[in-house]
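The letters A, B, C, D, E and F name the chains in turn, as written, and every chain counts its residues from 1.
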Amino acid sequence: MIYLTRKEHFNAAHKLYNPNWSKEKNIEVFGKCANANWHGHNYELIVTVKGEVNPETGFLIDAKKLGEIINKYVCEELDHKNLNLDVPFMKDVLASTENLAIAIWNQLTPHIPNGVKLHCVKLYETQRIYVEYFG
Amino acid sequence: MIYLTRKEHFNAAHKLYNPNWSKEKNIEVFGKCANANWHGHNYELIVTVKGEVNPETGFLIDAKKLGEIINKYVCEELDHKNLNLDVPFMKDVLASTENLAIAIWNQLTPHIPNGVKLHCVKLYETQRIYVEYFG
Amino acid sequence: MIYLTRKEHFNAAHKLYNPNWSKEKNIEVFGKCANANWHGHNYELIVTVKGEVNPETGFLIDAKKLGEIINKYVCEELDHKNLNLDVPFMKDVLASTENLAIAIWNQLTPHIPNGVKLHCVKLYETQRIYVEYFG
Amino acid sequence: MIYLTRKEHFNAAHKLYNPNWSKEKNIEVFGKCANANWHGHNYELIVTVKGEVNPETGFLIDAKKLGEIINKYVCEELDHKNLNLDVPFMKDVLASTENLAIAIWNQLTPHIPNGVKLHCVKLYETQRIYVEYFG
Amino acid sequence: MIYLTRKEHFNAAHKLYNPNWSKEKNIEVFGKCANANWHGHNYELIVTVKGEVNPETGFLIDAKKLGEIINKYVCEELDHKNLNLDVPFMKDVLASTENLAIAIWNQLTPHIPNGVKLHCVKLYETQRIYVEYFG
Amino acid sequence: MIYLTRKEHFNAAHKLYNPNWSKEKNIEVFGKCANANWHGHNYELIVTVKGEVNPETGFLIDAKKLGEIINKYVCEELDHKNLNLDVPFMKDVLASTENLAIAIWNQLTPHIPNGVKLHCVKLYETQRIYVEYFG
């Protein structure tokens, strides 16, 4: 079993806001992350897949192909977007890094080729905060 | 003459949009950076000052104090804000990294203590793009 | 199950010295790390917690709150200190990175909120050497 | 149980080329990585070992000694070499990052001291692509 | 005057070898960098341009366009290539980082748009060695 | 004219303390940096030299040789040392990063080979604070 990891990135706006709560409670819980006019991040996305090495290519999966899958099904949907307003797969979900990592996992799973398994979605919100989801 | 540099950061939303142009021209010039619903970045701000070493302290300026100045007059004004909507000193200016670096320079200049000179404002928009302004 | 990680840092002095050994044996085993007058490091501390996402907040735990816990119970006890002389929870322990990571785990455990579990303490001594402890 | 990690690096040339295939098929599968005149990388090698802390030293293993083992049995064999032509332990193997990580694991295993176990070989081919092997 | 910088990268093989010298003298001067079978690097290329901000766009130059110029005239010529064998603009020049930075400057100069000036080509050979050329 | 830069590092203990002042004034000015029992840092040292490229080697100066000079005259004097107690060339000087950068410049200057000039000593105290000295 071998693990291959590829990093991609996207830049997006979001706010943390629970629509079932008052504005005051949102500010109490989320602080400046609840700013009505949004803020944003350079998200760094790190995807790990696992499986056996193909003896004919020496590859688990061509890292270039893995990058294309991540970009097509995730980064193009998120880059230069507003996570709360523009992203169908984040609709009705709080735009936290935790929820975003889980949603990215669900976006990627159906597109990982046979013989390879998605192992981890790791998502940096800032250089000092990240989330990992293993399914 | 010695140069001291301190890095700080802030997260903000913005869009690139010239209000004198049509929507179509904005998209033609700015591409996905013109997304109406905003996007955002983790800005990394790197401020360099210069001057003589004080023989009693060994300091040009206490790096902690420099950090406090940058945070009070710049980062607190920008962090978790929308550069186009929430920031008085970016009003009526296109929210490009170039213009933001110049505006940060102008914010900082009056607050740099006597005997020290602001030398450079360096501003990363992403890990691969940055702007420098020397006044 | 989701994993959230937060990085903090502290700067400290230490030496590697076993008081049961002669000075010569200490130098033989620890080399320049046994320098009687101390040396020091910029320690990078990376704490991972795990648990379920709270559907009301989208958070496992507010990363800001996690940072406050790490700073209060660990970094304020270690930053700008001498690990051998100034830190009650390192008393009578060799000030190695391994022992420091374990001690940090023990410091943090009682302060992690209900519903969240401490998963890993990762501690960089230099940019090329780090230790991980999973309890 | 504690985990200690040390990073080392080496620079090498390689190409991806299956000698059982035509030139055309190699280019179809490996793209520019099949360039007949080679290309190369700054490989970053990250080795993790695990075991119990020795109470007399506070060490799992002296990180300096671990570095010497990695350098002697791996980096000196690979640094400034051609992975396809110059490296006995990569003979008859496709010079992919996956295969190289596995070969490095096999090189290191017999030289890890008693009481310590090799846990992971992590190998960066570029800053955005890496492989992990756990045996 | 404002400065805008964009980072790109390419991976290449090379060796340091003066054809006017004996093999022995090459090894004496260049050490393992003279390995006949090549070695290689992940080169990190950092290009800085300077000029006035265009008030209509807020840009010195669109960073995306600058990236396209660097990729078309430099990275596509160098990526996954052998600097000594495959690159017309490095013909008859020792493939040192110094000479490569100067050659990249000469490649870029004719393609920098009017109103913008090339300021610096900075080229990392490894994470600890880089060259800068200002024309 | 070309510029070549090499990064090295050392780990050291120090405190900021002016012996002409009371203990109280030292704490007032230097805060926790005045801790009597020392603290320490992983210093990152970045040395830039400049001059003409030698057409026979393609080098300004062999980066390996530059590294040897930096290590012999600077890093070996500072690594795993106490800047206030163990370093002859820091005697009677406040152990600030500013003064250390100047002292390193003075250490290096006599050992830079003919035809090459020392251009800059850049010294990181932490990842977010650094000093530059150009002579």
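Remarks
Just so we're on the same page, a contact is a pair of C-beta atoms (placed from the backbone, for glycine too) under 8 Å apart; a residue touches a chain by one contact, two chains touch by 3 or more.
As the structure is a computational prediction, the values presented were derived from the model and not from experiment.
Number of steps on the shortest path from subunit A to subunit C, with steps defined by chain touch: 1. With contact taken as defined at the outset, subunit A and subunit D are each touched by C.
Comparing the residue numbers each copy contributes, subunit C and subunit F share more than half of them at their mutual interface. To find the repeat of A-C among A-D, A-B or C-F, check which pair has over half of the same contact pairs by residue number; it is A-D. Our note on geometry: subunit C versus subunit D, Cα centroid distance of 29 Å, whole angstroms. A separation of 33 Å divides the Cα centre of subunit B from that of subunit C. Across the assembly, subunit D contributes 127 as residues in contact with two or more other chains.
Touching chain pairs in this entry, ordered by label, are A-B, A-C, A-D, B-E, B-F, C-D, C-F, D-E, E-F.
Every residue of subunit A that touches subunit D in the complex is listed here, in rising order: 1-8, 48, 53, 55-60, 62-64. For subunit D in complex with subunit A, the touching residues are 16, 18, 20, 29-31, 93-99, 101-102, 125, 127-134.
The part of subunit A that touches subunit B in the complex is made up of residues 9, 11-14, 32-33, 35, 37-42, 79-82, 85-86, 126-127.
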